[in-house]
Structures are given as C-alpha cells and as structure tokens.
Amino acid sequence: MTEMKYLIVGDSAAGVGCIEGIRAADRGGEVTVVSAEARGCYSRPLISYRLSGKVDDAGMSFRGEDFFRENGVTLLEGREAVRLDPEGRSLMLKDGGVLPYDRLLWAAGSSPAVPPIPGLERVTNRTPFHSWDDEERLEAMLTPGARVLILGGGLVGIKCAEALTKKDVRVCVAEGLPRILAAVLDDEAAAMAQAHMERAGVAFRVGDAVASFDESRAVFRSGAEEKFGVLVLAAGVRPNISVLKTAGAACSRGVLIDAAGRTSLPGVWAAGDCAEGTDCSTGKSAVMALWPNARLQGEAAGRSMAGAEAGFSDAIPVNATSVLGFPFATAGAQEGESRVLRGRGAYKRLFYGGGRLTGYIMAGDAAKAGIYTALIRRREPLDGLDLSLVCAEPSLLAFTAQRRDELLNHVETEAV
Amino acid sequence: MPINYILPEFEVRRDYDRCICCRVCERQCANLVHRYDEDAGKMLSDESKCVDCQRCVTLCPTRALKILKNENSFRENGNWSARTMTEIYRQADTGGVLLSSMGNPSEMPVYWDRILINASQVTNPSIDPLREPMETRTYLGAHPSEMRRDAEGRLITSLPPHLELDVPIMFSAMSYGSISYNAHESLARAAAELGTFYNTGEGGLHEDFYKYGPNTIVQVASGRFGVHKAYLEAGAAIEIKMGQGAKPGIGGHLPGKKIVGDISRTRMIPEGSDAISPAPHHDIYSIEDLRQLVYSLKAATEYKKPVIVKIAAVHNIAAIASGVARSGADIIAIDGFRGGTGAAPSRIRDNVGIPIELALAAVDQRLRDEGIRDRVSLVAGGSIRSSADAVKAIALGADAVYIGTAALLALGCHLCRSCHAGKCNWGIATQEPELAKRLNPDIGYARLVNLVTAWNREIKEMMGGMGINSIEALRGNRLMLRGVGLTEKELEVLGIKHAGE
Amino acid sequence: MLREGENGNRIPSGCAISGIFSRDGERISGEKVMRSIELMHDRSNGLGGGFAGYGIYPEYRELYALHIFYNDRAAKDDCEKFLEEHFDIADQAKMPVQRNPRITDVPLIWRYFVEPLHTKLAESQLDADEYVARCVIRVNSELAGAYIFSSGKDMGVFKAVGFPEDVGRFYGLEGYSGYCWTAHGRYPTNTPGWWGGAHPFALLDFSVVHNGEISSYDANRRTIEMYGYKCGLLTDTEVMTYIVDYLVRRKGLTLTEMASVMAAPFWSTIEGMPEDERERHAYLRRVFPGLLVTGPFSILLGFSGGIMALNDRLKLRSLVAAEKGRTVYFASEESAIRVVEPSPDRVWSPGGGEPVIFTLDKGASSCR
Amino acid sequence: MYVNEKWCLGCHLCEYNCAFAESGLSDMVKALKGRAIRPRIRVEERGNVHYAVSCRHCGDPVCVKGCLTGALAVKDGAVTVDRKRCVGCLTCVALCPYGAISPSEDGPMQKCELCLETAAGTPACAAGCPNGAIVYEER
C-alpha cells in the first residue's frame, strides 16, 4: 500500500501527542506539521516559569530538540493555515502554499480573548500572556518599580502574577467574577489561595470588573481606579476553529470530536484546546483546555488516524499547580453532593453522585490527589469502597484487599 | 499489692547513639516490650515481658539492640540455682504446674559430643564426593524373610511398602495447631522438594496440604484428632504416636483458645474446646493391643503404607522396641529426652526419659541380638542438631533421623521456649494471623531446603572420608565411631571403643 | 602372641592374590600357583601366606576335610573329643609339612576326613552342610586353642605366618594337584598376624582370598552376626566368606545375584537398566542393604566346581584376569600371570562390581 | 516491583531502607539519626492491614504523558524524574493513580526510581524486606 500522508496543524501538546500516537502504530507514514509559531515545540504552561527565571530557553521544550527528526517529521514553522478543502483533502496556507493530506489533525489551539472594554486600544503597554512571544514582550515592558495590572484571575493570570513577584514590580490582579480561579476552585479554596498570595505582596481587586481604560489607568464598575504601567490581558481564550467552521465541521465552543478525536469532517481529527469532547465526570461535552488532556487527546487521535484501535473515553479536566508554594489540585465536575474536610491549613471537597466520585478540590495540600483522579477516571464504584476512608485521605486503603492485590501485585500496563 | 518475686530474666540494652527510632522493635514485639515515648522522643522498654526471642535484635536496621542475661544475681549455691529458686517463687505465686516448651535445657550429657568419627588413611582411600557417586538414598520399611522365585527361577521382586528418602533426614511430627499453617506449608513443600517426608503430628492434615500427601507421614495419636479414612489414605505412611521424648508418659493439651477456624475443622473438634490427648491410647493397654491397631491401620489402607510406631526413649526401651518390632510395625521411631515440644510440664520435660544416643544403641543391638533388626527400620529423633549428629546416629544403627527443633530454627525460631504462650514473634508457634503471616512459606521452605541440602553435602563429605560411598555401609557401622571421656559402661551401651583403642 | 580377634581389634590388611582354574578339570600342580604368588613377594610382608586347592582329595571327595591348628595337646584332646561326638572320622593324620627356618611358631596341624554322625545329624534337623558349619563355628569360637581353618569337601586350605612361597613349600604343595588354586600373600597393617588369620579364609568349600580394606566392615559384621555367624577373627576375609555362605548357601542366591548384593551397582546405574534387571538389582539392594560391601576389595572366591573374581564397585584394587586355552588366571598383577603363562590368549581387567565366574565344563570331572 | 500485602508485616523497614539508599551514605545511623525521613515508598496501614506503595512504573505512564516539562520520562522501563527540568507544577501528583509521586524537600518531585542511581541490582526496599512482601522481578 502507498504510504499514508499525515498532516498536523499545531506543534504543541496535542500535535506532539498525535505524532507519538501515529508513530506507535505506523513507522512509515509521511508526517508533516504546520505551525503558526516559529519556536519549535515548547511547553506553553512554562512561560510563567520562564518569566520568573525558573526555566531557561532549553528548558522550555518538553521533548528533545531532535524530536521531530527522530520521528521522521517535516516541520513547517511560521506558516498559518487559512483554508481546508475536506473533499480535495488539501490545506491552503496564508503564503499560498497548498498541502495535500490523507488524514489531518487540527490542533491549532486557542488564542487569547480580547475583552470589549472601551479605551483598551489606547493602552500602549499591553500584552496577552499566552505564548513565548507574549512572555518576551511582557518581560521587555517591565521597568523597575513598574505597576503591573493583570486583567483576569484565572490560572494564566495567577501564574503570571506569581512569576512577577520575582521581579521588581508591583502586581495587581483584577477579576470581575466574585473569586479568583473561578473555573477551578470554589469560594473557600479561592479565598485561601488569594490570602496566601496577598501575604506574598500580590494585590487583588475581585468581583469588580474594569469598566474602561485610558493609557495607564483602569476604572472599575465600583468607580475605583487602578494606575498601571503595564497591562496583562489574561481574560480567557478562544478556540482556533474558524478554518474548520468554514470547512463545515460541526462546532460548538470548540470543534466537536468523538472519543477517538474524529470531527464531523471525513479524514479530519482534532485535539487540544480547540476541541470539544465529552467530560466523563459529567458526561457533558466541554472544551478541556488543559495540557494533559491535549496530550492524551492528541495521542488517541494519532493512533486512530494510523488505523489503530484507539479511544480516550475517560477525559476529565485535571488541574494541579502550586502558586507561591500554595498547592492545589482539582479534577472532574464540581457539582452534586459534596463533602468537605478541613485541617492543618488544608481544605478538601469531594463531589460524588451516582455511587461514584465525580470531582474534588484539594487546596493547601495536594498529596496523592492522583488517587482521587483515578477513582473518577476509572468510574470506580464507591460501594466497593469505604467512603469515610476515601474522604479521610487519598489512599488504597479504601479498596478491598483483592482490588489492592490487582493494583499492587500484578503487572501494571495501563494507568490512564 | 503483693511482692513480685519474678525478676526480669533479661535486660534490653539499647544503644541510643545508634537508635533512629524507626520503631521496628515496637512493631515486631508481640510481648509489647518496646514502646516509643513521644515526650522523651525515644524508645523505652519493659524488660519484664521479654522472652529473648531476638526478633527485635534481628530486625533492628541499625543494630542498636542487645538482649542480655539479667546480671542481677541471687545468692545462688551449688544446690539452689537461680532457676530453681525462681521456679519455686512462680509456683508459690500461682499454685500451678510449671509449663515450658522446646527441648530439655538442663545440663545433661550430650553423647553426640563425646563421639568422634573415623576417616581413611593409607590402607583404604577416602572417596571424593565431588568426583565419585555418593549415595544417601534410604528405604524405610520391613524386609521379606525369605526369597521367592517363579517357575523360571527368577526372583519375585515384590516388597512390603517402603518409604524412599533421597536424604536420611525427615521432619518430625509437629501438629497444625502447635505450629502455624505457614510453618506446615514450609515443611510440606520442603519435604516434597527434598524427596523426604514431613509429619502431620496429631493435629490432622489441612485440606490444602493433601497435595503433598506423597511426602507426608500422617500421625495417629491418643487424641485421634483429625483421623479419618481420607486422612490415612492421604499420607505415604502412618505413624502411631505412643510417646514423645519431651514428655514421655503424659498426653498433650492444646488450649481451646488455639482451637479456632481451620484448626478446629482439621482436628474435627468444636471451636474453643481444649484438645486433650490422653496419656495412653485408651485402646492400647499392652503390646497385643498395639499389634491390633497396627493391623487395623494397615487393613484400612490395604497394606499399601508402612506403619511407624513412635516411642519415647525410656529406661527399658530395648525390650519395648523388640516388642514393637514383633507387633507388625514396619518402622520404629525413637524420640530422645532432648526432643522438642510445643508445651510440656517442665518437670516431666527435664526429668523423664533417657538420651537418644543410648536408647538408639541399645535398641539396635537388642534387635540384632534377637535377629530381627532387618524386620524393621529405625528412625532416631530427639535433638539431632547437625549432620554430624545424623552421621553418628546412622553409624550407631539408625536408618534415618527425624529433625524438629533444627527445622524450626531454620524457619527463624530462636529457642525462647515460649511456644506455650502462643505469641511466637517468628510466626511459627502461633495461630494469631498477624504473627503467623511473619513466616512467608516461600522463604521458609527455601531455608529448610537449604539446611537439609547442606547437611546432606556434609554427610557425603564425612562418608567419603570414611571410604564409604553408600549410606547402607555406614548404617550400624560402629567401628567408625570412637568415644572420648566416656566410662566403660557408656562405651559398652553405645557399643563403641574409646578413642585410641 | 597376639592373635586376630583377640581384644576385639579388627585387622585390615593389604595383600597379593593369585588364582588358577582349569575349566576342563585338568589337574594343576600347586607349584604353579606358588610361582605366581612368589613373584608378588613385595606385596606381602611375611605375616601370612596361604593357598586353597580344589579337587585335591579325590579319594575322600565325599568327606569333609577338616584342617585344624592346635596350640597344644590339651586343645587337641578337647577338640578331638568334640569331633568324635559329632562326626564319623574316616581318617585322621598329622598334616605333612617340611620344616622351614622362615616358618616359626608352628602349631600342631592336623587333618581329618569326616562325615556327620547320622544320629546327631538327624536330631539336629539340619542339612549336613549347616551341621558342619555350625560345628566349625562352635569350635572356633568356643574351644580355646583349636581352630578349624578348612572344612570343605575335596578341597583344602593351607596357610601360615610367613611369605606365601615359604608357606607353600612348608606344606609341600608342589605335591598336590587340583583343578583350582587360589593363593594369598598377606600384608596386615597392624598386627604380627597369626596362623589362623592368614588367608584364604574358608567355611565349608567356600574359600576367599582378598586384597583390600573394606570400609563397610562393621555394618557387614553386625548384619551377618544376626544370622548365627561369629566373626572371631575380625578380618574382612572372614566376614566376606560368611556373606557369601549366607547369600549363596542359605538364601539360595546365584553367584551373580550375590555379587549384585556385595558390590551392588549405584542407584543411578540401576535406574538406567532394562526393567527386569532394574527390578532385580533394586530388590536385592533393598532386601540386603547391610551386606553391601564398600571400600577397596578384590577377592577370589573358590567353591567346588568353580571360581569367582569380584572387585569393589569403584575398582579401588587391582585385579587382572587372563585366559589360555581352557585355563583361567587371576592375579593382583599381570606379571604374576605371565610368569606362569607367558603367552595368554586374552588378558583383561574385570570392571568394578562385575563378577567374573568360571565353572567346570559340562562333563569335566573334578578328578581326572 | 510487586507488593504482596499478604506478607507485609507493617515493619516500615522499606521506608527506612529507601531513605537510607537515597542518602547515598554508608551508615544508616549517620544518614537517618534524628531526621524525619521522606521515603519514596510508603506503608499505608490501618488495623491489621499494611502494605507498601511506590511507583509501579506503569507500561503506559499517565504521569509521563501529563508532564509539562518532560522531566518525567521512561528510561529502560523505569519512570524517572529529571530534577533539573521539573518545575514542581504538581500535575503528576494529580495524575498518579497510586499517589506515588510527591514533592521533595527542595521542590522538584521525588519518586521511586528503582535505586538505579544508588543501589545496584535490587532496590533497597525489596532487598531489605524481611518477609518477601516486596519483590523485584520480571513478570
């Protein structure tokens, strides 16, 4: 048979996952990667660590620099895809180039959203915090003692703020919603995180949206004002799906995919921040713009593209990080019945329903969180378990001896 | 509160410079000797509970522990030892019979240590077991009295049932109940791998171990616990226990608290009821009754299995053995007074019976004098401590030896002689699941296999040195032995010459 | 003088052996075997030499020939009293000897040709052989100063303290002839040796000459003594002779079967054998474990009508065999054969534990 | 590495042997005296149930896939962590189904690496287990 032509749009987590997925099943096929950026494959979440100086340029790449060569991949950098012809199986590039393919993965990720706030265009010193370029731009804007206003108290904003505490600047985070990290934490956990950061000198303005800007001033709904020298836009992202939309792919917030990453278009798969799949903790469809999911979706898509049996049916949102030494981890849904445990500077909330664990929040202490994550992912029925033990602390004690024996005393191959 | 006359026998010496408070000692001591004191931030110990089983010492990762004899000294004298005095205090406290475990600890002569083995020089070459075949295979059982031939004059080669041993060493009777399931599994698996036999003791045979039947000797004792047709048929041989070296003349008593779950099922007695083995078999009041039981058991198993009669070494052992040999028994097992036990009244253990060396020599000679030695096989037990003891026993006339205590040592036993307390820290003489699990049969059986394999190597070395390359040629070969520091009488009973003669 | 069996000391010894057997029954002069054993002079030390001849008493072939050493007249009187009570004595005479300066401490040596008293034999309910055997054992163990060292029919043992060639001349063996001769030169390792202790050792018409030192001695002795034998001399030869007598005469084993008891093959060898052979060997090993002989030995067993040579199963002692026509030779050293038969048809070295047995050809009379 | 709860005595020696091996020192007293240990293997216990948990070195390790930096990688069958790359983001902590990855004293994640650096051959926990509850073998 003639060799399969694979085309991958995007060289981040999902793109790389896809390459590994394809290669696991097909060593021979011809793989091409198109990327709008010209940075090679780097780990987007690391930009805040680069800003803080914890990671150097070499550290930014999460695969060796030979990764593409080793996997026999042609990398076309700085080239943007503009149109897709699913019938003709070809992809037009901005520079007029046309790439034919047999199977295509759309992993173009997302772009920072620009909130419609009057006067924003007048702010000269502003940048999103989404890419390596953004990070370098921001670093260039910083001057000693400068006031930095971060618009948005989500993960991106918070990690940016954490990084900036290592610089000689004053940081303020503005969040319109009633709490920071709203998508991840609940009120109590968020308050703990905020308090922790405030102790480290980060200022917050929460539950008060910016009404308008002028050059170096934000005016809030409450009327309060905040001066700044640099404005960081961290107000969320938009999936990059316009090209697929116009090509006729079914889309909601993101482009819709099944467990194997297939879109509604023949020969077209999608994965990562631009894709919308089923969150198995809720059973609902959602964009899970998270690194591990992108990586796993990409791999599943890659295998499927190469014709191997594949599926990533147990995708759930998993968040974990530590901000200025304050650890937190969450996974799954944050709805339904829940149980709360507090103690030793830690807060834990477990969500359950339908006889299964559906989600959790751990703040101040994230130790062994993965055991909860696995309970959710594996849809482990709780009736076999000792619920009080499950809540007390994540440990295998909750399992039956027989289940533990399967886990600890047998060959372990598949952990996801 | 009354005065406590019983002083700690041992002293726990902890080197605090080495102790890292890992608390292994605390977790491993079933007697609760060690504990971690939060305030002091260090380990403390209550020595009065220590039995010197050495579990903590052995597991301490920094070698920070020592158990020493308590140096505190009574005003002892030649007549009144501290031990004797303490025993009196204990009985004055409790009014009870003193109980103890394992073999007789008192300073009685160990004749093995007064017997030396010969080696070839000049006139007769020693044989190198690494170069030449060296045979330790042993058959136990009766021998036909006359040869029979078929019409063509060919020998008819049918024989009475025999036990075939690759090594002249068997594991002696230790019941499930007195020792743990894991200890039994270790013994059974080791016997199977070594090509020898282990012995159920009087506790019956756990259903899991029927698969080791071809390497199992099933015992029938006065309590008849766990005895039924399938049990008798499961084993390769049947042993009738008339007596035990550690407690001749008395029965056994396994307290009801040990009769739980599997044990009660295996013994076929209700949970919690004491398992009492009467002193005599109530259907054996003399030799003719024994003969009846021997033949009942043979009949019950279609004459397919040899029957062993186990007797304790007592004063007129030679005459008794001669009677047993004529009772239809195929094998006689003699158990010396240093043999072990899970529990025995101390006075009996320490004062009743005679040494196996003398008993064995007397029995072998008596059976030869009566011309019936080759009707039966002789198995000697009761503290065979090394391959040298085994070689000496065989040269005195034994066909094979039983080892019990040595086997337990291989499994970890440190002879603390507290089996009767049921809290064996080594997981051997206990039924508490938490303690029993400390003996992993995968490890235990391998250690038993190593021990017996090592002994067999040494036996071959010694045989080779004597210029003997087959165990039959060592059996009863008393010229290969010499005594040192023994009286004329002792030499006469042992049937050996003094060194230098 | 210290004698074998006294103070219960066992006497192991090294040695030389030689044997000649004529399959067609042709009578061979004792002189021939004397020359053969003499060549191996250095394998003995003058503490014992002896011979067994078969077919030498054709005129008394139906009678038991008893050769007896007496320490003194008293012993002779006691013993003869015993003999008269138990036997018809057809002939009795002093053993003819030629004085020899190298043969000293000569005891009284007498020869009797006897048969059991019919009355005694009948009341003993034993067969004649067993009757005679018991009498011999009784005399040797109970009558101080008397020792019956030969008790077979139409055969005789001649032995003494001294080098074998001297012993031969002492008895004038050049004057005897028979179809089979065995000879022995002794090298006892720890006593002066005594006339009775010299080889061959004989019971009835079994005679054994042996070179070696068996390590299974006491196991064998204590086993065989269960069956009524008394090992008075505590020599290997004695116990082996008794084993042969017990297995062959009393248990009715063939010589080959007897060999596979005394020099049983290793279990590993037995397992490799075809089934019936395997069963036979396993059976014999399991029935007579106490009669397995280990340690170095090479023996020549004389019996009426034949000879058997056997080595221990590891062949720890030299033993060579040769054939010339119908005559068979055995010796510890090949040279001891060639000195009497320079050009044998065949010379070979019997394997360990493999019995070599020769018997008279059919029709060959033991006295021609 | 396999753990058989049936034979675990809950003696915790594995934890101390692990900490000792990690210390790289030659004497356990010197290595552990007066220190709170941070072993890479942990005994979980309740009543009479004890067993040790450490990295299972999964054939298809989710921690490696989820790692933002590539610090976690599979090296000849063992899941290893490159302390220089790790930024301590805790993603792996939230992913490991065994709770076998934890932050080290100084930030980067620590986990069982089968003593590849420290003990040659058998990992210290398995080598030191008195009852064969932890075994290191090919299955």
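Should a chain be cited, it is by its letter among A, B, C and D, assigned in written order, with residues numbered from 1 in that chain.
Please note the rule applied: a residue touches a chain if its C-beta (ideal position, glycine included) is under 8 Å from a C-beta of that chain, and two chains touch if they have at least 3 such contacts.
Keep in mind that what you see is a predicted model, and the values were worked out from it rather than measured.
Looking at chain B and chain D, not one chain touches each of them. Averaging Cα coordinates per chain places chain B and chain C 47 Å apart. Averaged C-alpha coordinates put the centre of chain A at 104 Å from the centre of chain C. Measuring from the averaged C-alpha position of chain C to that of chain D gives a distance of 79 Å. Chain geometry summary: the mean Cα position of chain A and that of chain D are 29 Å apart. Residue positions of chain C touching 2 or more other chains: there are none.
Looking at chain B, one finds that none of its residues touch two or more other chains. In chain A, no position touches at least two other chains. Which chains touch which is summed up as A-D, B-C, B-D.
Partner chain A is touched in their complex by these residues of chain D: 2-5, 44-46, 49, 51, 53, 56-63, 65-70, 84-85, 87-99, 101-103, 139. Chain A meets chain D in the complex at residues 17, 43, 45-46, 49, 54-55, 59, 61-63, 291-292, 295-296, 299, 318-322, 327, 329-331, 366-371, 373-374, 377-378, 389, 394-397, 401, 404-405, 407-416.
Within the complex, the chain C residues that touch chain B are 8-10, 12-14, 189, 212-220, 222-223, 225-227, 251-253, 257, 264, 266-268, 276, 279-280, 282-287, 289-290, 292-296, 313-314, 316.
Every residue of chain B that touches chain C in the complex is listed here, in rising order: 120, 122-125, 127, 132-133, 135, 137, 139, 143-144, 146-147, 154-155, 157, 159, 162, 368, 371, 373-374, 397, 466-470, 472-480, 497, 501. Residues of chain B touching chain D in their complex: 17-18, 20, 22-24, 27-28, 59, 61-62, 64, 433-434, 437-438, 440, 442-443.
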